[in-house]
Amino acid sequence: MAGLTRELMALRVARELRDGMVVNLGIGIPTLVSNYLPPDHGVLLQAENGILGYGAIRDEGGFDPNLINAGGQRIVLRPGASFFHTSDSFGMIRGGHVDVAILGALEVSARGDLANWSIPERGGGSIGGGMDLAVGVRRLIVAMEHTTHDGRPRILERCSYPLTARACVDLLVTNLAVIEVTADGLLLREVAPGVTPEKVEAATAAPLVRSPDLREMAL
Amino acid sequence: MAGLTRELMALRVARELRDGMVVNLGIGIPTLVSNYLPPDHGVLLQAENGILGYGAIRDEGGFDPNLINAGGQRIVLRPGASFFHTSDSFGMIRGGHVDVAILGALEVSARGDLANWSIPERGGGSIGGGMDLAVGVRRLIVAMEHTTHDGRPRILERCSYPLTARACVDLLVTNLAVIEVTADGLLLREVAPGVTPEKVEAATAAPLVRSPDLREMAL
Amino acid sequence: MMVGGFVSAGTPTNLIHALKRRGTRELTAIANNIGFGDQLDVLCEDGQIAHMITSFAIRASTSKWSRFEEQYHRGEVTLELVPQGTLVERIRAGGSGLGGVLTRTGLDTVVEEGKRRIEVQGVDYLLETPLRADVALIQAHRADRLGNLVYRASGRNFNPLMATAADLVIAEVSEIVETGELDPETVGTPAVYVDRIVRCDPIEVRLEGM
Amino acid sequence: MMVGGFVSAGTPTNLIHALKRRGTRELTAIANNIGFGDQLDVLCEDGQIAHMITSFAIRASTSKWSRFEEQYHRGEVTLELVPQGTLVERIRAGGSGLGGVLTRTGLDTVVEEGKRRIEVQGVDYLLETPLRADVALIQAHRADRLGNLVYRASGRNFNPLMATAADLVIAEVSEIVETGELDPETVGTPAVYVDRIVRCDPIEVRLEGM
């Protein structure tokens, strides 16, 4: 499957963020987004384990076991950071104080249902903070591969895997396209360089409406 | 009406407290209790406005507006004190982490109902933290005058004023007596010096059982 | 409108006086207590408060009424009395996306009137609904330019909770420092909750009965 | 049994190892995650955990199973998966005398199965029940002799909440100071919640997937 690398997907997602926004990054591709923000950015990153205002993932230097993101990766703090316990952290999330969450997904449905925590045939799954984020944040952006490793669509009429939450996804950024979830269905807004709208439609198992100003992603 | 002064009632109540106990003092006579604890006592006083481990009421010295008890009186801190917000404070109270509350009362019923916040004919009243304390603490001690200014009993078959909570009072300390609320009714355990059991019974409008070891208060 | 503070502790007195000068009327105010002198009661001088949701408002007997008490007894303002622990927890629910509070406080009292009782694991609880406000006026000791707040002693009280439960949060502080100068360990209200910061010299609050 | 910590942050690793040496069995454990290596999973070596209430337990696909995952797939342990925000709020409810949590998290998902839906002001919420434990094992940075605890950075996580919701609370700390030496402004868990303090050198926790 052609289209964007994981890094370019993270770069495209980073373009959705503005200074002053409070943003929570899920595990996987979303985590990479912090690497594509300008060094002097004014985005406040929130980690559900109780940190507001962290910065890049830290690859070297002494390990402080209490300075980690929600994926358990060591991070650096930025000026103006604060700490709080898990109850206050999820109060922030459920209470609508986090502007944007960027989450990975297994499947997304035509009306924005999200499935991202369990593949029953492989046994189990872990819920983590995903359900709270999906219900609580103001805007939910999903960053995922458009299809599975063996080419099956992940954007479906309805999800086959256990749901994280109903009608929660606002924007989808995949390796092939940028798709907005609207009241009228899925709106194809951008295609990846070298990818045709027809190719996106063929890889999608739900109706796609082409936006009047459909264009190629600027990266 | 003979019997104890307010100060002696506070002294008698203070005898119920042991080192290590977490104790909340209501407004009025209960507030005086802090003056009758030994200087090196190990009782942890909790104020619902968010302080654990305060000491005596402070009559002089600079006024720190943020160092007050729940009655708005300025207080001193003791070593090992801590601060928290009102939600955490009432979590402590409702969650059963406060061992003893000492509250004033307008009326107490035979089964330990408490009325202490409103006299409807005088208009209004203020609830404050009394209802939460009555429901949440492990042991509730009421400190009050046995009768009203014009001699009417305040210990009644059932309360006439609006309730604070049902069946919440464990011990009553009045100017005339110490009375325990038991499953079998009110147990007269101690009388004030110079006060006869008959006098206590005459001033009480609910059945009193004399304890087998009924005695005069040691003050 | 929510107003933080507990008598003299953590009360945004300068903001209350500013609101008096502005003269905004028909206010619904949510606060622990109305107080006297320099507290919320000053807004009653010009009848700015129409409805009050609070724990301490009306004393059973007193030699001197507050202005709120006068207006209450004349029927010019309405009042919802809420147990203090329930009041703060309703605010917390409003700020943290919870649908309400299940508490035993107020069972079998006038507080229960008109409310649902919910049984959980064999125990009855009152269902109390969340509270939110358009504006919260709060007070803290120190702020940084990003909006992080640090409180002092019992100046916390309702302030950190109210900061989460209003669309516009205005904080009165004694000092503003550069972002990065506050110790992250001591931040009581993270920057995300605060919209405006006003540096003021504190006005002393007098206690004249509760 | 509740066990604090979030992967490497605030995990009472020494206490977990002590519990392993003691060999207590048939445990029900409540924790954010089970982890690998030095976390709660070490108790699965000897099958000490019978039932787990947690947010992170089973990964969908992995090259290496934790001991808990092995035992789960063999049907030797049972598991209740709880969304993280709901888990911590159920613990808070258990510790603060509330009858439950009303949350939209989990609506229309498997989390809703067997639970009541309560409508408040026109919005549906799930009713989630409080959680309490016989014992909580928690970790903090510093304690005084009275039992006040101070946390560092994201070492807070579940620890301050679990401290409120168990009959016996045992805290592992790096340092114990005299009562009065902690700044009251920085206390994260007031002394009333803590029953035992154990001074230990921290054991580093390795991350091997979540």
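Before moving on, here are some points about what is shown:
The first chain written gets the first letter, and so on, giving A, B, C and D; residue counts start at 1 in each chain.
Assume a contact is a pair of C-beta atoms (placed from the backbone, for glycine too) under 8 Å apart; a residue touches a chain by one contact, two chains touch by 3 or more.
Model, not experiment: these values are computed from the prediction.
For chain pairs A-D and B-D, the one joined by more C-beta pairs in contact is A-D. Chain centres here are Cα means. That of chain B falls 27 Å from that of chain C. One inter-chain figure worth recording: chain A and chain B are separated by 55 Å, centre to centre, where each centre is the mean of the chain's CA atoms. Centre-to-centre separation between chain B and chain D, using Cα means, comes to 37 Å. The set of chain A residues that touch two or more partner chains comprises 83-84, 90, 93-94, 135-136.
Residues of chain D in contact with two or more other chains: 89, 92, 97-98, 103-104, 151-153, 184-185.
A list of each chain pair in contact follows: A-C, A-D, B-C, B-D, C-D. Residues 89, 93, 97-104, 118, 120-121, 123, 125, 127, 129-130, 151-153, 184-186 of chain D are the ones that touch chain C when the two sit in their complex. Every residue of chain C that touches chain A in the complex is listed here, in rising order: 92, 95-98, 144, 146, 148, 164-165, 179-180, 182, 184-185, 187, 190-193.
Only residues 22, 44, 46, 52-53, 77, 79-84, 90-98, 135-136 of chain A touch chain C when the two sit together in their complex. By the touch rule above, chain D contacts chain A in their complex via residues 6-11, 32-33, 55-61, 69, 72-73, 79, 81-86, 88-89, 91-92, 103-111, 151-161, 188, 202, 204-205, 207, 210.
The part of chain A that touches chain D in the complex is made up of residues 27, 47-51, 63-68, 70-73, 83-87, 89-90, 93-94, 117-119, 122-132, 135-136, 162-166.
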